[in-house]
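Presented sequentially are two complexes of chain A, the first with chain B as partner and the second with chain C.
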Partner chain A sequence: MASTVIGAGITIDGEITTDEDVVVEGTIRGKLTAKDSVSIEAGAVVEADVIGGPLTVAGTVTGNITSSDRVDLQGGAKVIGNVKATRITIADGAQFKGNVDMDV
Partner chain B sequence: MANDVAILGRSTHVRGRVTGAASVEIAGRVDGEVDVSGDVTVEAGGLVSANVTGRRLVIRGAIKGDLNGSESIALEDGAKVVGDVRAPRIAIAQGALLRGYVQTANGGSAPRAKATTASRGAVPPPRASTPKHVEHKREVEKPKAAAPAHKAKAPPPPVVPALKKGAKGARRVGAIAGMSKKR
Partner chain C sequence: MASHSRTSARGNSGGGGARIGSGAKIRGRVSGSGDLTVDGSIEGEVSVRGNLVVNESGSVKGDAVDADSITVAGTLEADGQVTGQLRVLVGSRVRCNVKGGIALDEGAEFSGRIDADFDLPPELEGGGHSGRRGRN
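Presenting the complex of A and B:
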């Protein structure tokens, strides 16, 4: 289990920095910086730039996503912003508007 | 409610407000207000440098700000709080450090809180003049001891002049009653 969980019903306005896994089920406005994996669950709303390791998105993200590893946009995900990562997957049913940068 | 929990781990640092209708467990650091309608737990090693508002607060870490609990506040061993503490019921355990003003329920509406907290309900006014001298939990006990003493001294004078000869017995009875009230 991840050691940092932003549960449903919680709103954080500001900047979050962590070395741990992060699971987001609530709302974040500002910036999220993690060194490890970040999981943005269905129902989560992230209006922030997200920087992290392996990133999974099933919720809504408005902001730029930067990953040192891979980014998986799952079905039901809604992303508006640029995505920068070494590998990116976009599942059927994911909504995405923005640039993709894969260091080609 | 069980699922609506935010857990901020040890290395997690939040700069900003944490709000919502859920509970929060803080083991990391929060530089900003925490205002939730659920419970708030600040673990040992956790640090919050702003006001914390919630239903039931359990503090084992450090807080630099006011604590407001709609139901209760428990400062446990290892807690370090610099700020005011307000809740209907407040528990301060041995080993907790507190510097600030303490206020339990207004008008003594605390529902049979531990005897200590209930009796403190009436105390705040005299303490208002010296809120900054509060060092830590020990001083909480001073008003407890002082308050009954005042009450015991106050009633006798009006009684004595009224009954002169038969007063001896009455006085003794009164004195004894006063004594037993003290305890």
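Presenting the complex of A and C:
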């Protein structure tokens, strides 16, 4: 089980910082910084800049995503913002509006 | 109120709730419905329709805290009102003004104001000055 889980019923207005992994099923407005993996599940709403390790998105993100590793936008994901990572996948059915920076 | 055992205080988020891991720090407001388990730290306001559990490594500091029940084994410091059934376990440090109800374990550290509603025993009722009656 993930170290930090923001469940579907929970809203956080503010800043989350962790050196572990995070699973988001609820709502975050502000900023999310994790050193380990971040998973934004289907149904989650993140109106925040997201910085993390390996990052998986199946929910909605409005904000810039920065990963020290890879970003996977899964089917059903909706991302409005710039994505910066060394490796990026955008699955069929993912919605994405923004720039991709793969740091080449 | 005393039904919270040490084991139930270790419950995880379950459906809809949240768990703040020991390496995590939140600055801001946490709200919503579901249980909230804190192993890390929260600075700010907490308002949840569910049970708030602050484990040994956890700390909640800041403003108002509102939950159905609040079980503290770690640190709780609130400048605003704490609303809910508060249970302070041994080894914890709690500084707040609580409204609702409180259970203090022997060895727990508590400072603050307690505003608990309860029925006065019959011999004290109608005695004049303290006529407050409550829901519990």
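Here is the rule we go by: the second predicted complex is superposed on the first by the 104 of 104 C-alpha atoms of A that agree within 3 Å, B and C clash if a C-alpha of one lies under 4 Å from a C-alpha of the other, contacts with A are read in each partner's own complex, and residues count from 1 in each chain.
FYI, a residue touches a chain if its C-beta (ideal position, glycine included) is under 8 Å from a C-beta of that chain, and two chains touch if they have at least 3 such contacts.
Remember, predicted model here, so these are calculated numbers, not experimental data.
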| item | value |
| --- | --- |
| Superposed partners chain B and chain C on chain A - clash or fit | clash |
| Partner chain in contact with A:69 - chain B first, chain C second, else both or neither | neither |
| Partner chain(s) touched by A:101 [first = chain B, second = chain C, both, neither] | neither |
| Which superposed partner A:30 touches (first chain B, second chain C, both, neither) | both |
| First, second, both or neither for A:9, with chain B first and chain C second | both |
| Partner chain(s) touched by A:19 [first = chain B, second = chain C, both, neither] | both |
| Common interface residues of chain A - those touching chain B in one complex and chain C in the other | 2-20, 22, 26-27, 30 |
| Footprint of chain B on chain A - complex, ascending | 2-20, 22, 26-27, 30 |
| Residue ranges of chain B in contact with chain A within the complex | 3-24, 27-28, 32, 36, 38 |
| Footprint of chain A on chain C - complex, ascending | 12-34, 36, 39-40, 44, 48, 50 |
| Residue ranges of chain A touching chain C (in the complex, touch as defined) | 1-22, 26-27, 30 |
